[in-house]
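Below are two complexes that have subunit A in common, paired first with subunit B and then with subunit C.
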Partner chain A sequence: MSQKPVLSIKDLSVSFATEKGLCQAVKKVNFAVYEGKTLALVGESGCGKSVTSLAVMRLLPDLANVSSGSIHFNGQDLLTLNKNSMCSVRGNDIAMIFQEPLTALNPVFTIGEQIAEALLIHKRITKKQAKDRTCELLDRVRIPEARKRFDEYPFQLSGGMKQRALIAMALACEPKILIADEPTTALDVTIQAGILELMKELQKEMNMGIIFITHDLGVVAEIADAVSIMYAGEVIEEGDVYQIFENPRHPYTKGLLESMPTLQTQKGEKLKTIKGSVPNLFNRTEACNFENRCAYAKEVCRKEKPFLEEEASGAKVACHFHRTIS
Partner chain B sequence: MTSIIRAENLSVGFPIRGGLFQSIRSEVKAVNDVSFEVEEGKTLGIVGESGCGKTSLGRALVRLYEPTQGKIFFRDQDITHLSSYEMRSFRKEIQMIFQDPYASLNPRMSVQQILEEPFRLDPSCSKEEREDRLLKLLDIVGMDTSVLERYPHEFSGGQRQRISIARTLILRPKLIIADEPVSALDVSIQAQILNLLKELQEKFELTYIFISHDLGVVRYVADVVLVMYLGNIVEEAPVEILFETPKHPYTKALLDAIPKADPRRREKKNILLGDLPSPMNPPSGCVFHTRCPLADSICKIKKPTLDRQPNNGSHKVACHKV
Partner chain C sequence: MFFYVIRRLLYMIPTLLGVAFLTFLLFTIFGEDPVRQALGLHASEEAIVALRAKWGLDQSFAKQFYDFLVQILTFDYGESFSTGEKLSDIFCGGVLVSLSLTAPPFVFGTLFNIVIALFISYFRGKSLDKISTFLFVVSMSISYLVYIIVLQYLLAYRFGWFPIQGFEPGFSSISYLMLPWFIIGLVSMGPDIRLFRTIFLDQVKSDYIRTARAKGASEPRVLFVHLLKNAMIPILTNTVIAIPFLITGAFVMERYFALPGIGDITITAINEGDFPIIKAMTVMSAVLYSCFNLLTDVLYALVDPRVKLS
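After this line comes the complex of A and B, so read on.
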């Protein structure tokens, strides 16, 4: 891609100092987000996808330590910014929506106040203007009777409505990057379909880059342009969405795709599984992280960690045997 | 063809209290006049979105919630009004698996204690017999004996769900009600548990009532599917028929809304408008009419009955427009 990325992450590593020792939650992660495109970060619980996104927002807890890497946005490294300059980026240029719409909203303020707050902080406008703009936004995310909803509290809204309100809040300042951390996981399928549709529409309109974090490959197929698959804190495969679904290279990606019961799975057919579970992140070894669960693992996988290698197609895979497997 | 459990016009309601003396103001009907039966050895899937009453229905069947109306028959015996003492002999045969393996295992009990607790319902079982069953089951669910001394917090979600499945099976029940047993798990672990449930079904000739919001999972495990909306069954059909020729507009919308794992098939969906109406104040007539693309005047007045389709008696739909 010749276009310049809006956000690029290089060699990002994050570790947590815990009582049990150092836990490397994210290790040397690289990716880039382009204008108007959606990058999906995919992986199972504990793979480091949320930690990566929190690192971009500089919202990691105190225990966490970004041990290496850089996050370039708009010509500056976000990791070097001081508190004040980070505040002007956060919520303004880079915004985030969270998984649980219920806990992400403050129960003692009205929906309107919470959305207007972002505007009043980042833009030089009056309260009246902020209110008008908020109602426009509520209208835009298709919350009916926006003027009335402005004065309602979160508990008066359904789950889908709350998530719409959160999207309105995130988009209030027209960010260049939107980070969506499992935004539809807590919602029902019919509501999810509506929210995904809305996000696609708004992305087109505002031309923003989206980092979409999810474990649901069905959702990825609906919304993503590029996909990075994470496992145990590392990116193990990346490529455009067609490459990942039609020609997955890494045994883990293949396993994920095959273990999903879809509407095409035949009855009585056994689901393919990935045996075992995720390795613990405390004692990282030189072996490939997936070695203990991989059907193709050989001697070399136990000795040497594979690098993310670029293929002719532009996709990248971290597996010693990616050529022979597929 | 014998049914193991049968519900007749079953309703479950919860009182809404309010006012100075917490008097009963009205009632939420979580499950409304539902009838169905499950054949021995088969799996009944119950699907629907949150708040549709699927969990209340599952819990009412094991009498964790008291039905407000209707009857439940287990092997032709009416168990609707049995006392908790009389229920004991049935509890051995009907067991439940819960959604969240983090909440359903007591953190202060070791795995051994957890797995032995159900024997309180069956004191006649000898010590050797208990030991024997326990070890066999651990093996079947894919865990070794070293786990017996350990506590729930030491296990991952998938392992905990295996422990709770072992606990469910230890009294050799015939009917298992599984309420979203895989929703809290990652996909790769989910597949392991689904396969395990299928193996166990063959091995012990179990009957499942499988409650889930995930239609992909239900399609994989169920023989017959009930689709629920706001406490009512809107469609009932054998699984292939339901997924290939759904009739009810809600079932169609639900199937359409599932993301397809194929980036080349991103078609525009028929998205349902609006939200689920409040069950405290359900719509008149057909409960789905407020969101239904086909609704007209009759749907607002008259509630449709769950009718058999003329060309296939096992396919039932509650809709005026079919």
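After this line comes the complex of A and C, so read on.
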């Protein structure tokens, strides 16, 4: 990938000032998103995927603090923008769809009003034009009877329809980057497939970069070009989707892949799980984060944290033994 | 919606009949004899009979109840036992005074408090928020009476900026009402703003607010458009409940400032055992409460699309 990334994140760290002390939710995360490509951020619950994406949108809750790093987009660092300039980036250049489609829409405004609002905020158009464009969008995300749905309220739509409406809202201004935070987790499997298909189609059409957040490797295989695996707030392995699936280096990535059901899985056979739990994020030690759950852990893993190293293939992995354990 | 309102109005009829009947029963069976009350212990037998006949008390219960219903429907409650004035005139006057006392500070106060609460919510967690919370808690722990007595003493008596008490109809009433308005507004600030702030901060955490921000809405737009319309639902519940009280009057204020409102009229009537007034007041309160209940439901349907009236 010699192309220049649209969005590049360098050394991003986010901490929460909680009652129990400082919680380092995201630590020195790096990644880049390219035009027309999808980067999947993968990791188990609580590993900092949502916090990372909210940091990009500058929508973190008040008690969160970005302690270091930069987020380069369009030749500027988003972290240095003032409130107003950030508002004109959100929804216009970088849009986001959230984990909970069921509650993400405003219950007292119609679907149409909410989608048209995105257009009216960023584009110089009349209400009439915004309405026409909104109906086109509703049609485009395959919501039937767009004209009629325009005047319906969120409670009148099913979960899948709500997520489609949210996608229409996010894509209204044809953003260069779309952040999708587990867009299908709350939905039925059958509806999931439709939404993924739709996102791929729209990505081709608008040539946008997507950050796709998920903990479902099945979905990753379906949609991603590049993958970053996160663990306890850090990226521990990254590479393109083939490298990750065919030649995983990090013991955690291997564990994730092995805990995925496949067609070969026999009925009654137990799926492998990764034993143990995530280390606490309050007192980070010098040890490798995964050391307590890792079958390959040796003395050095307890003493020294491995850094993300680039391999000949271009993939990166943070493990002392990545050469010996593949 | 239209048919819903009609139906609710029809439902009110049996409720109000019940209230009227109970009121009538309580006053006729358990109340003291109004004629003896009016004429005193030493009245002559003829005088008592004459007054009974005049007030219709010699009729059968059914006839008396029927008369009472006619009074309610025609809004002609006869005359006061103690002063002989027409009751409908007394009430009309009283309601006007009570409304002019309570409605302006209610309407403007509520709007003012909503704006202030939004402003404070914008600075949530900052020092403005903390200082104002402290001030409001202090102001709420002081009794209503203290505000009345202290402000009446200072602003009206010592500084002479306002008349101490009394009332004149027409335009000049404003000078008498200014201080009571100010006090009602001031006293409502603490509880209102605290409540509205809690409602707003509760809503600010919602997902739909985050969605609005994610599409690029500015913070004022998020607060005044997205948040406010949602917050109107709990705010309505809490304010519309107070409306009947506007008409039945702020008893205490009317007493302290000698304003001839409904509250003041009722207290005087109770003291003097003026039954027609009390009876009429009871029925009219029931009518008011029923109407405002209906109004609340209609308002809900107007703000919240999920509420369907059918």
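By definition in this document, the second predicted complex is superposed on the first by the 322 of 326 C-alpha atoms of A that agree within 3 Å, B and C clash if a C-alpha of one lies under 4 Å from a C-alpha of the other, contacts with A are read in each partner's own complex, and residues count from 1 in each chain.
Following the convention adopted for this analysis, a contact is a pair of C-beta atoms (placed from the backbone, for glycine too) under 8 Å apart; a residue touches a chain by one contact, two chains touch by 3 or more.
Worth saying up front: this structure is predicted, and the values here are computed from it rather than measured.
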item	value
Fit or clash between subunit C and subunit B when superposed on subunit A	fit
Touching partner for A:E19 - first (subunit B), second (subunit C), both, neither	neither
Partner chain in contact with A:H215 - subunit B first, subunit C second, else both or neither	first
Partner chain in contact with A:E286 - subunit B first, subunit C second, else both or neither	neither
Contacts of A:A95 with subunit B and subunit C, given as first, second, both or neither	second
Subunit B versus subunit C as contact partner of A:M57, first or second or both or neither	second
First, second, both or neither for A:G160, with subunit B first and subunit C second	first
Touching partner for A:E299 - first (subunit B), second (subunit C), both, neither	neither
First, second, both or neither for A:P107, with subunit B first and subunit C second	second
Residue contacts with subunit A in the superposition, subunit B compared against subunit C	B
Distance of closest approach, subunit C and subunit B, by C-alpha atoms in Å	8
Common interface positions of subunit A, toward subunit B and toward subunit C	none
Touching residues on subunit C, where the partner in the complex is subunit A	124-125, 206-208, 210-219, 221, 226, 229-230, 233, 303-306
Subunit A residues touching subunit C - in the complex, by the definition given at the top	57, 59, 62, 83-84, 87-92, 95-96, 98, 100, 103-110, 117-118, 121-122, 153, 155, 166, 169-170, 172
Footprint of subunit A on subunit B - complex, ascending	49-50, 156-159, 186-192, 194-195, 198, 213, 215-217, 219-220, 239-240, 243, 253-264, 266, 269, 271-272, 275-276
Subunit B-touching residues of subunit A, taken from the complex the two chains share	44-45, 158-161, 188-194, 196-197, 215-219, 221-222, 224, 241-242, 245, 255-257, 259-263, 265, 267, 270-275, 277-278
